[in-house]
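What follows is a set of structures to go through.
Shared between the two complexes below is chain A, which has chain B as its partner in the first and chain C in the second.
Now for the complex of A and B:
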């Protein structure tokens, strides 16, 4: 296959000579293997090199200066916000909070040299990343209202890749509900490659929600690295339906006792959408809990993938780890692949996983129809019920209502 | 109201109903009794329009041929089936399900759809008549409900949708005596000169509380005997074998 990309470090302004050297090295590492393909075990169900080759002719890294456009704020619940265009921090508002408890700035590439080497996309990110943000919450500070990150993208990103890094630190006893809200009406094909580095200090708690709000032609890859200290708690909700291609690569490191992590995902995929959730839950210390519930509904010619690995180190006794993947396949041409993996070196642990995929229950459809509900509505109701169940644990009422509404519009089409 | 002529059904190559005739007029209560495997539930399923059955013969409902009409349209036209095994619908809130159902039926009848507040007032009222705890209404539909609660939930739906023909498929099975009385009271209070009931049951027990005008004995896919309420008492003593 002819090479369909051309990336240049010198498009990035204001780099020190050390930075340039480091970035060049990473770019060389990327070029060694290019985009990951199905030969790579972690990408066996998402042959990115092939997919991008089919849909792009010449991908370049963008020089574009993000344009400030007004955005449509969410009205359903009160919130703080930061506004990103192509990943660049444009504006922020923390009116509901004590402002001296929150540090927010552009990601500092000069001092935060964080290098990821999990895969070639990480190398590419290390080489090309610019923009992104750093957010740090002070010790003992609990956010009064959620923080929404409005992610917008320029219309002129056709055939480009945007690389960002973000850093989120919750200090001891702090709490935050974060909503990553992606709204993008551009029909152009472009790639977003992001690394989020999340650090949860002792007793801190983060709810992190990802919602995609429009049907679009974007290719997303997000590497989420979560480091959990003692008694910290992470809850992830993924509602990313509507993206042409999306892969969440989630690493959770239980580095100290009594930390817990939860990953919930509800996806309704249609029309050639391809989404993958890959998780790696590392239980490195005793007495930690992890829970994953992944639900997919697959319509038309869509493809869903879940690769979930639970790793339990020999000292991580009393680990409680659970993983469940359920898929509803509504079309003969749709496809779902699940690869659960447990790697356990401790002997006193509770680890289980389950994976089911099947079609919709026709007895239930008959039941709903026998109550006067038309067939199409009956299907939507069951799909709704199947996916909405993932949000059961959320207890913020207005936020939950908002998410249920978004999920419903993802099911019914935008 | 309901006229069934020479109904035959086949499912999975099995010939179940073999020429069934039945006429039900407004205001009447009919009971169908019969041994296991005689085709009672098949009749209920066929009347509800369930897929998978090959049928011959004619089913007329209020002068309209029912055979080729979809399940949802039958419900909208006033046929209600209380299921022998009511389904659980995970993730679907009971109130939302019931409201969707009621409004679908109202819409088809050309009536105004109910807004949430009006609906909630109505459903609370109907639920309390049946001794159904309000908290069930905000739970997932039938999920974790006991057998008795599920059956009561069927009767609640019947009273909500106000059908003209209600088919109760072994609604008495799995009910304790108190729940049985509540269900029977629910039926009796709904019964009037314009609607009708078809009660499918194995036992006389339910018929002690809901007095049928006719009892039919279904055996091997056909009605082999029809009588009044006394037939049930007689069968209780002699069993079905005496009829075949």
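Now for the complex of A and C:
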């Protein structure tokens, strides 16, 4: 296959010579293997090289001119926001909070470029990343209202790749609810490659929600690295249907006792959408708890993938880890692949996983029909019940209502 | 070696002629070695061509390296690929020369004295019990038209069957070890069950005396013609001594319309000592094809031996309504490593598969279930159920589960569940309280844990296997 990409470091402005050297090294490492293909174990079910080759002719990195369009704010609940255009921090609003408790700035690349070993996309990110934000919340500060990150991508992104890094630090006893909201009507094809570095200090708690507002032609890859200190709590909700391709690569490190992590996902995929959730939960210390619940509804020619791994170190006794992936396959051309993995070296643990895939229960449909509910509605009802379950643990009422509404509108079509 | 030594060898009776008694192929893997093997087995030309084709293919293949248990590099040029069974002079003269630990185990398993001698390759009296037993059985099988012989014999006597089916499930170019086997296999079993015949007894390598020496590159081919049934047993519960470190066997099963094959394995090769020195590398390719409608293949395995066990008995469910089953117990202790599981590939409509895997890990061992369930687009209304449970004893060992699950149509259902736990202390306490000592209690609980699989074993194996499970875990708790 002809090479369909061409990346250049010198397109990035204002780099010190040291930065340039490191970035070049990273780019060389990327070029060694190019985009990952199904030969890479982690990309077995998502042949990125092939998919991109089919849909792009020449991907480049560019210096972007952000066109600052006003965004449509969410009216359903009160919130703080930051506004990103093509990953660049444009504006912010923390009217509901004590402003001196929050540190927000552009991501500082001077000290952050390193050599990641995870995969070639991380190398590419290290080589080309710019923009992004860093957010730090002071000790003992609990956000009063959720924080929405409006992600807007401009039309000028056609055939380009955007790389950026974000850093979120929650200091001791702090709390935050974060909504990653992608709103984009661009019909152009483009790639987003992001690394989010999330650090949860002692007793802190983060809820992170990922949602798309529209269907578009984007290819997203997000590497989420979470480091959990003692007694901290992480909850991720992934509701990001609507993208052409989306892969979440989530790494959770339980670095101190009594930390807990939860990953919930409800995806309703249609029309050639391809979404993958890959998790790696490292239980490095005793008494930690992790929970994953991944639900997919697969309509016409869509593909859902779940690759989850629970790793329990030999000292991590009393670990409680659970993983469940379930898929409803509604079309004969849809596909669901799962690889739920356990790697366990400690004996006094409770680790289990379950995975099911199949079609909707026809007896339930029959039951509803016999009560006078039309078939289409009966299907929607059951799908609704199947997906909405993952939001059960969320306790912010207005937010929950908003998310349920979004899920419902996905099920009923856009 | 002197010719005098050969006169009294028991091996002679099992089909080898005296002149090949002390012949050994020259060291190394090359065309000459393959020609040598083929020649000594008096194989027809097509067989030699087949082997050479495999050898040619082997040149471009690389050894796989994705597995978890790593092993030191094997120098394939430093191995003997053919050596005739040993003569009496090289073998231990009596049981006193055998490691007392092994004898102790025999005692626990209740293996008769003559059998113990045979297992260790001690020359026994000319009239050996099972020989006559074997002959009577053979007569009965022949009456029904069942062919049960060594693969070398089959190549000469039933070339049409061998030609048709050999390599049809595990192709020549499959992967490194399978191809290696195709090039240099020395012996193994061949079974053909004619249409509408139910094999009247459990077939077993146990009765085919020369089996104990065919070890290293064994090739087994079992064909169950329309409407037939056969149950085949491989291995035995007693610990097996073996000089060859690498075992790369190929087993092919073919079930035609309405046929059923049940294949049970008990593997207890030398696992190496308590420090992890020595032991067999058991790299086996086992694959069954449910070619016909309503056919069924069922794998049952109890894996307690070998330093490294690396195998995935698989089913290719081609025929509509065909069924594949896999029941497995893998026990690893000390420094043993097991990477085992199954592949269920659903191609036909209404195909069903069931996987029950129990892994037990103790000491410094690593136990892994790796499996694939792949329901293809055309395999409508298919069903799979998988359950893999692991039991850990201590925090130096590991238990891992890597299932690959692929569902490609909307009418099929896949269910998978896996758990990892340790022996419940309350259960132990309860058993202790009723007067069972620690080891008896563990044995009881572990046997309960494995019950679903043990039940699948033929009666004669099941009792021994239960004892084996207990023996394998001796000293790992407490």
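Annotations for the structure displayed:
In this section, the second predicted complex is superposed on the first by the 411 of 414 C-alpha atoms of A that agree within 3 Å, B and C clash if a C-alpha of one lies under 4 Å from a C-alpha of the other, contacts with A are read in each partner's own complex, and residues count from 1 in each chain.
Please note the rule applied: a contact is a pair of C-beta atoms (placed from the backbone, for glycine too) under 8 Å apart; a residue touches a chain by one contact, two chains touch by 3 or more.
Here the structure is a predicted model, which is why all the values come from computation and not from measurement.
Legend: residue contacts after superposition of the two complexes on their common chain; A:334 is shown touching chain C, with no touch to chain B.
Touch criterion met: A:375 reaches chain B, while chain C stays clear of it.
Touch criterion met: A:364 reaches chain B, while chain C stays clear of it. In the superposition on chain A, A:384 contacts chain B only, with no contact to chain C.
With both structures placed on the common chain, the touch criterion links A:356 to chain C but leaves chain B unconnected.
Shared-chain residue A:345: touches chain C; no touch with chain B.
In the superposition on chain A, A:317 contacts chain C only, with no contact to chain B.
No residue of chain A contacts both chain B in one complex and chain C in the other. Contact residues of chain B toward chain A in the complex are 48-51, 70-72, 74-76, 80-81, 83, 86-87, 89-92, 97, 100-102, 104-105, 108, 140, 157, 161. Chain A makes touch with chain C in their complex at residues 41, 44-45, 314-315, 317, 327, 329-359. By the touch criterion given at the top, residues 66, 377, 380, 390, 392-422 of chain C touch chain A in their complex. Those residues of chain A that touch chain B in the shared complex are 362-364, 366-375, 377-378, 381-382, 384-389.
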